[in-house]
């Protein structure tokens, strides 16, 4: 299998939830997940509840592959949650698909999670000492076991106590006791927002899913907040004291859909502003600005407009790149990048080019792109990146790469420039990024190693979404 | 979907286990399950252990559908267990597939189970009160949670204590702590036997699986026995005091493969003897003896030989009857039975026929078969059954039907005869059956309602294998 | 892939046709093919016609795999034909699936064929010289091109002229011009019979398919006959002068279903009589007669009854042997035969055994079976075969093996006995076989090389059904 | 199934061919087709030839779904051709997949075709009168039957004579007699170009496929030209007298990949120029220019740059829109367009918007997009189209819609504006389009009804690619 995501961090998970008696909640969740598909392509699942019994269907693949009309029609309920997941290979893949559904002393519960706990190993050990058995390697199973540990409390109180046990990044949706719950960690690393469709409420990782199901955006969950959605509407339960908010910067840089707005920042606009900042930081006398599509496009437009330079489609993306593909043999390895992206020689020939991408992880793809642009006739290639150098791993739910493989950790700026083969190389500064985002309340740990949430050594090897 | 098993009790589950470092344990387990396929066609699974980590692959369908060579090759280990399962429909089918694999405080454990607990509901409640969460509706998950409840004991002691908690029928294989364990309930309702392949040992629901993998039959597990198989060979741990043995009579009558020998009784021979007993109990002046294939064949041969009557292939079975099939529409409902069995008019025409079947559950198929034989030209049809009337449900792992649907519970003998349309009808007597089996140590509860193991009211609705 | 058919000739093809306006002809054809599944498991297809337009669905696999209820429901028409096919591997498999449907000058035509033309190569060349292009390697395409060559004639006349061109074995069903046609070659090698369902008629390779769809058997087609079925019922068009009939003996010995009656001979009865003949030819003082199931069973019963010997289930067949299976590795090659057949030691131990099989082709499986029976404790194994030695290849639609691989061609009787390891070996004589069949009008070419229909050298390498 | 192509003409077919002994021609063809996937997503096929025997694999679905590494590895040869196809639904879909492979008098031949013959019906009739039978409804089968009609000529001469018979649009690749042939119709409606990889040559519908396999662009085939590629390299055989070239304008407007260059015109650049022309024809005082992605993007950039207006990502496309999708129920019909495209309110709010799309066919989608942009807060929506009004059907291989459904045929400009709900509406003029393309040698029949190639009445209902 050929990795088409090339050299990018991997999207992790997306969640959706809706409480809407007398509506087709499974179908709405299906459309919601469809809009969140970019957050995870490996497995998908939907659980529905009639207030007591919970049914679930999950499978490997895209939302459109896992669900058929027949399956959706047979998932009846008054409320539903759904999940899309990126995960690594292994025989237990399906077992780890979400939502996770359990029977416990008070009935049934379903839970779906985006993020990564940084004390999961310790919590597993502690629960194991008390007799818990685990059938998956997901954080979701840890969270559920914690909730049932507090089964003598009311469910809301149990959720608060559970959040006091948890450390890390999490955006969680839960079906239990005739209610839909949403939880967001006290740093608000992973996004979760509230929508309103008619008189009913829903929850989603990104606002684009609200648009898709025809719901109005209400607001993001506060860091540390618990929301409860039921027959009486929505109410908020102050969960944990809100820390300084640390929204993941990479959601804006690369992950989230351009039409989503997260914590008051529109993704497309933030990318445009990153391009403007790059123009201020590094104005280049070039003939044409091009983007590495799709995530680099807005930044490239911002850069070009600011400097009055023309923007052109210098790199074209094959829209049919799928998840399965026959790996090129060694002799055809050159084919690799070209299957996804092709240089448009007519546009590039004899020009001095500014090429804008959102990030460099290992650098291998970048060097091929620069070479491809040169081969297509570009006289100069100036490579601008709309994120600072990625030099530290993420422990909050994003799969970058091991630290040793990050090019920014291995080489200095001149070394990277030589490696990718550009005439010049510029990364946006942290200050420029913060200006583009218009806030300092973001997590920049993968750039500067300043982790807002502690990570125990035991958990450093682990970073599985869900 | 058209139910091709017609009017028969449903096979439930089969288990297999092997400890054989340096051999292909997954492949051997695959072949073992293949030989046990008749015990369950809905799902199959194999778990392998290298002594610490356990990997599992399971899926819906036949063994040959669930596993490919590629999958088998990638299941490495020194020991393995496998499971085939019959189960009812529902969206959570795959979740209930076995073996069940868990992480617990002491490491990993895999477990597969044939049988049915009669106090599972109480045990689930008790465990739930202590915080256990259940992701399946299987007894296996109950058993695993009990074992981990005794995690402060040695594993062998924990198994003994667990068996003290369990009530019902169970034959269990477990991978844990570098050992393969086998457990059989104190009444020995469900079969489990030991084989030896070279210097290594294996466990199987039926001896035919030992033949298939090239292992020698050693012996059956004693009721209440625990066997431990590891680097040092096999040793027996007296588990619970052995009750009076109560092997399931239906294993001999219908379920087990003819070439299996269970608790010293060869299945094919026992069926032949049932036919001999029927000949003594009910000799009929007929022209031809025929069987409802395949399970009625040995009895019919015994009957014919005893009375010096010719045996003929009066009913022919379609060997390609599969699990999926397009349901005949109402107008073609008549087609139903004929797709599986066809009367051979050349053989039947103008003859007085004795037709032998192993059992009648609801009676609907029997009446169609009698009519089919008549339509093919038989002058008389005498219907003999090699089991006593099935009048009570089984709670020990066999899916017969609800009591109200059992024809022997609804009608008297003459009523049944009229319903099926036979000229005469005879069921083997309990005494005849016991004579044929050569022992009184069998469970006849489904015939006489005398349940050797108590069944609490809470569990009467439940009878799921595994 | 492991070849589960072991060492048997391969079944070839089966055809079915029905004319029944206002009935579900596709569904009836589906059930008819289901009953003929033993004649071909590699591909299946159904074509329906409303009298003008023809629709077809075909695919690789069993009838139950190729068709869903949805597909059957969408095949509307007043008449239909269907086909099941055994064929060899290759990338063009599906292209060769039948029925073949074409547009020609007069409209559409669909055709399905069982048998093998012995002058196909010459006909292809001749047609090619006139500009014909071929998209498959089937005889069906040759036949269709011949029919259209005579397009200036009426269709019935064209069929007669086509039959004058054809040499070989063929049983053909055709949909064209609002009619269903059936053709049988002048030697009647391959079977084809007529059924009546209410006022409507159908055609089938074997009578068991008529039973399955609820049709009455009317009669077999005469060798050389053409039947035309339409709104006016059925009429016969004398096609070619009937040669001496040469029904394929192997249909009775091994291929056909026991409940079928072909050319007035019931298959099951003929097998019983083969056993009786074997008893006369070779009475053995043994303790038990066993069969190699399933095709050897009737012969073994005939043998045992005649000599007053007990019959027992000494070899048990795994009923779940499917088409796909993981090949045993070299070390486990011993597993091979045991996956399909297992010796029942309880029945065989310390006995002198007569084992009856229908045929020996290469002899490899036979030697394993004898060894297996011995290992299970048999004191003596006498091996009786209900067919004469297979020493010549079939060119009329049956895939035996190349001549050099036929054991009867390589070794003398004593050599074969030693090879298979039996204490004694006896094949039924040709005379005995003819007595059992009660006719001399059968083709025995594979036994004695006396080919009733000439085979040109160009066609000796070719023997593809359909 | 939900039609995600919304209201666009349907892409038709793409072809690829390569002659390269000792290279993996099937794999290279696979990559070539991958780059041409946008030209047809319904079926894909590859045929390989070793100079004599031809093997083919084809199937329904995307290139990545039809082929596995295993299949590609087993397609050996010195040359190959491939095809991707868009086609309508029906049970005979697979039969129509290409390449078509035949045996004819001189050996084997494989052929793949993009375009549509306008005298196919007449040619079929004529061939049928001479006894030809057709198994598909494709033009390819007609072309092959014509070629074999001239089998007494050399193959090159037969191709010339065949081209004299053909009327319509066609780009054809053929494997026969150890050679790879390419044919382009005398008007050059459909594209076909030549590439060179090392010393070997290949053919492709678009130059982007040459880039992908690492071949250099050599030139486009001349209208009416035949090229022959073999061991001796490439030579051109003047086929038919070249007519005035009439390249399909829609290739530039919508179909072709932006990085392709067809008949000296780069697609991306031509779209940019269409935007510039639109700016001259219809300058609007707006706040933001947005595109309907992806094909409208280049035009929008050209428009914005020319007028000094900002360009923004106002409509965002879901990148995971697949071929299969659960159709929204009636109540959720509103969801339809939003699943594919979402308006980005942050970007659009309170702005006067110019929205640029490539074409309007029925107008239904356009009205939803305008409404969506308004609902997202746009104060004004001016809708500009980079093609003239589509008022006539295409008979040369593009599936637009029946004439009565074309909105430009039903309403006048003001009527269309009202229907789509825009504040103003402007289509590019024919003159503007020709200026943007820089040539008059294009087919504009769908805009002005001036068909360069005659279409007989019999063929007006037919327009199937391949």
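A, B, C and D label the chains in the order they appear, each numbered from 1.
The rule is simple: a residue touches a chain if its C-beta (ideal position, glycine included) is under 8 Å from a C-beta of that chain, and two chains touch if they have at least 3 such contacts.
All of these numbers come straight from a predicted model, not from anything done at the bench.
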Most widely separated chain from chain C, with each centre as the mean of CA atoms: A
Averaging only over C-alpha atoms, locate the centres of chain B and chain C and give their separation in whole Å. 35
Whole-Å distance, chain A centre to chain C centre, using C-alpha means? 59
Centroid of chain A to centroid of chain B, CA atoms only: how many Å? 48
Residues within chain C bordering two or more other chains: none
Judged by the touch rule stated earlier, which pairs of chains are there in contact? A-B, A-D, B-C, C-D
Residue ranges of chain D touching chain A (in the complex, touch as defined): 24, 27-28, 30-31, 34-35, 37-38, 41, 62-65, 67-69, 72, 208, 211-214, 257-259, 261, 266, 268-269, 272, 294, 297-298, 301, 305, 310-313, 316, 318-320, 322, 324-329, 332, 334-335, 338-339, 342-347
Across the complex, what residues on chain A touch chain B? 55-57, 71, 74-75, 91-92, 94, 100-105, 109, 124-125, 128-135, 137, 144-145, 148-149, 151
